[in-house]
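First chain A sits with chain B, and in the next complex the same chain sits with chain C.
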Partner chain A sequence: MEQPGTTTPLTGAVRELATQVVSALTSGGHSPMSAHTPVTVGDDELGLAAVRVLGADVLLPAVLHRTLPAPADLAVCEKAVLAYPPGPDASPASRWSHWAMVRTLADLGAPTAHTSFENPEPDAAWLEDLPWQGLAHQLALLAALAVPGADSAVAGIARRRTVDVARGFVRAVRRRGWLQAAATGRWLTLLDDVPDTLGLDAGLAFVALMGGDDPRVALHLQAARPVLPGAAAGRT
Partner chain B sequence: MTSYEYELRDRTKISDTDIEAALDPGEAQGFYRDTRECAALALQAGAGQVLLAPPAPRPKKG
Partner chain C sequence: MTPAATRLVHTVGVGALEWLHAHRDGFRLEPDPPPDTGFLERFKPVGELAVICKVLFREGVAGSRQADLARRLLDHAWREVLDGGRMLVRGQRTEPLSPIPFEVYVPFRELGYSQPELEDAIRLNHRLDSWAGLEVLPVRRLGLGAFERRFGLAPSLPQEEAFGRTWLARSPEPWTVDTRVGYDITHTIFHLTDWGENPGGLPAAVTEHLRLWLPVWLDDWLDLERWDLLGELLVVDACLPDPTLDAAAWEGFAAAQQADGAMPALGPMPDGDPDDVFDVVYHSTLVAAFASVLATSRALARLTAEASA
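What follows is the complex of A and B.
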């Protein structure tokens, strides 16, 4: 994950975009018939790159609230997908991020998503053999795939290695890696058979307390909230 | 386009490498506050200033 103190224009733009997404997620209460306020601010090069890095999470408010996405956000996401396709040497994280964007665009009815992209699932078998520490790191990078009801090969591996994901969550908290902790916690809220002894609810609250100032941490925590035990009853 | 605009464009140009680095960063070093505090205490203890750990609690009398 990002090293402290390495702020670039791109990382700054990603944080700004994440802040807008968190704001849209926390505002909630939109009518299913009315579109969200756009979270993207433009389709200049830096803006498109930030959208490509944040990936499908740019559209998370519409996905989680089951509302219409802002047409401007759909358009910018489509441009980002076209502008920054994974290259031949791209990492699995890049391939999966691109795949998730295309799938989300198609699910939300983006005009060209069905016709412009062939979108086979990237390979995920390599995750099976990773030690649990590496698995947690990679799943944290792929946390945009951790969406209720959105299945993928990555989600299948997370389900089969729930205990390892839980270990990764604890390790991230102990290392004070709040972004990785929030991301692995986001995965765990979707998984069955999470050990009760983990204390996930309290752990996520602790991560929010310690790392919630980072908008990317806050985004993962907001993504985890709807399915947290007790969230429906208003508990945070 | 002026030379300044060229320079500005180059400065803000986002390459595929930048995107890849942002999407697939290495894992950050862990930050263990306790370890650092202990290390500081160890240094001070080496100078004979403090003990590394507080005394063990003792049962209260009466």
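What follows is the complex of A and C.
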């Protein structure tokens, strides 16, 4: 986790990219026939690193709005996937992050991803046995998988352990970990049987009030928005 | 809970009671208090001691040494500190409408101690609209009702209505809990269950709320090293129909206890004037004894149930 007050070039690039994604998400759906304005700023090393940090969320506006992604974004994401496949020592979270990006590219019709990758789901069994604190932490890292209608073994575990995810949300809010709070809250908006007493709707508003200045927090909150109660009709 | 874990929980209580007995002179009144504090200020620890000793006798899981220490502590508190109850009468005469002498007296009375003159004052107070109208926090009103019931008086406010005014009655958003709300939660549970005697006294919605969210609060106050509130939350856990007896919380709590049995209230053990140190840590040490007795009792009950299943 980044320390407050320290800004590395990567941190700045990630913030900038997240800001662009949030802007695209909040600007609403474009015509299905016209592509989004690009959110990525370049395919140099820093640009690709920032894409890897946000993962499939870079393409989230096109996924949620069911529009065409900007060709430039597709190209940068494909380049990131090709340039940085997970190594043999990669953490499960980074394997899943890579998997999600490849799947999203394929779903959006990116030719290379669609034809060049066999993309079996990574192992998710390691999540099953984590205590609720660890589960919530890992799911927060994997929040790019929390997309309406996009199933995965990780989403299956989140569904089976809804109360534990909800506990993780409470823990994160209590500790003012707004990024984890927004990310676990994003998962919860996809899950049935979230305890009413959690107060998720107000909780997400609280996270927005307290931590919404961080564009990465805002990104998760925007991702959570379409399926908040009252807006769930379009959920697949 | 494994035998080793049960032993750990039990050991916390043994140490705590040894410390409380060794430092019993810390339970002291202030005969000539400064005007801004008042004579009744120092009664609260004595009442809390009586409540916890009563739990210890009730649960019957204390060894003979523990039971003996508890009895000697109570006798000391009644005879030496309260002067056979006469200090309670003096307190009542100093502040006639204060509920403090009543709250301190009830557990002593249940343990067989008696002060008839105070009881007359209690009965008179109970007739007053002023007593029922006393503006206290909702959780304290709930507690006063429980003490009235245990004393044999009609609660000034029916329990259901008193409970309905508490924070916990609304099953609120669990992420809003702070330290102050935490203590409101624990005391609501203490009063609803008569200090763990009656886990069935909890409304179903409360049981469910705590089943869902108590694990988060235990985890949080363990990490914050707020041992006093963590101890009370461990009591709450042991008051539930199906306690978690959370291993991590108990291990952290036990590790915070000092070799002589004292439990710091927050972070490391303070140092300084012995009376000042007592005032800071007596409550967390009492809570440690309380949590230990209840959790040991629940663990043994579970063991018995498993053995006979």
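The working rule: the second predicted complex is superposed on the first by the 224 of 236 C-alpha atoms of A that agree within 3 Å, B and C clash if a C-alpha of one lies under 4 Å from a C-alpha of the other, contacts with A are read in each partner's own complex, and residues count from 1 in each chain.
Note that a contact is a pair of C-beta atoms (placed from the backbone, for glycine too) under 8 Å apart; a residue touches a chain by one contact, two chains touch by 3 or more.
The structure displayed is predicted, hence computed values, not measured ones.
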First, second, both or neither for A:Y84, with chain B first and chain C second: first
Touching partner for A:R175 - first (chain B), second (chain C), both, neither: both
First (chain B), second (chain C), both or neither touched by A:R167: second
First, second, both or neither for A:G199, with chain B first and chain C second: second
First (chain B), second (chain C), both or neither touched by A:T67: neither
Touching partner for A:S97 - first (chain B), second (chain C), both, neither: first
Which partner, chain B or chain C, touches more chain A residues: B
First (chain B), second (chain C), both or neither touched by A:W132: second
Doubly contacted residues of chain A, that is, touched by chain B and again by chain C: 174-175
Footprint of chain A on chain C - complex, ascending: 171-175, 177, 208-209, 212-213, 215-216, 219-220
Parts of chain A lying in touch with chain B, wherever the complex brings them together: 1-4, 8-11, 14, 45-46, 48-49, 52-53, 55, 84, 87, 90-94, 97, 137, 141, 174-177, 180
Residues of chain A defined as touching chain C within the complex: 132-133, 163, 166-167, 169-171, 173-175, 195, 197-199, 202-203, 206
Parts of chain B lying in touch with chain A, wherever the complex brings them together: 12-14, 16, 18-20, 22-33
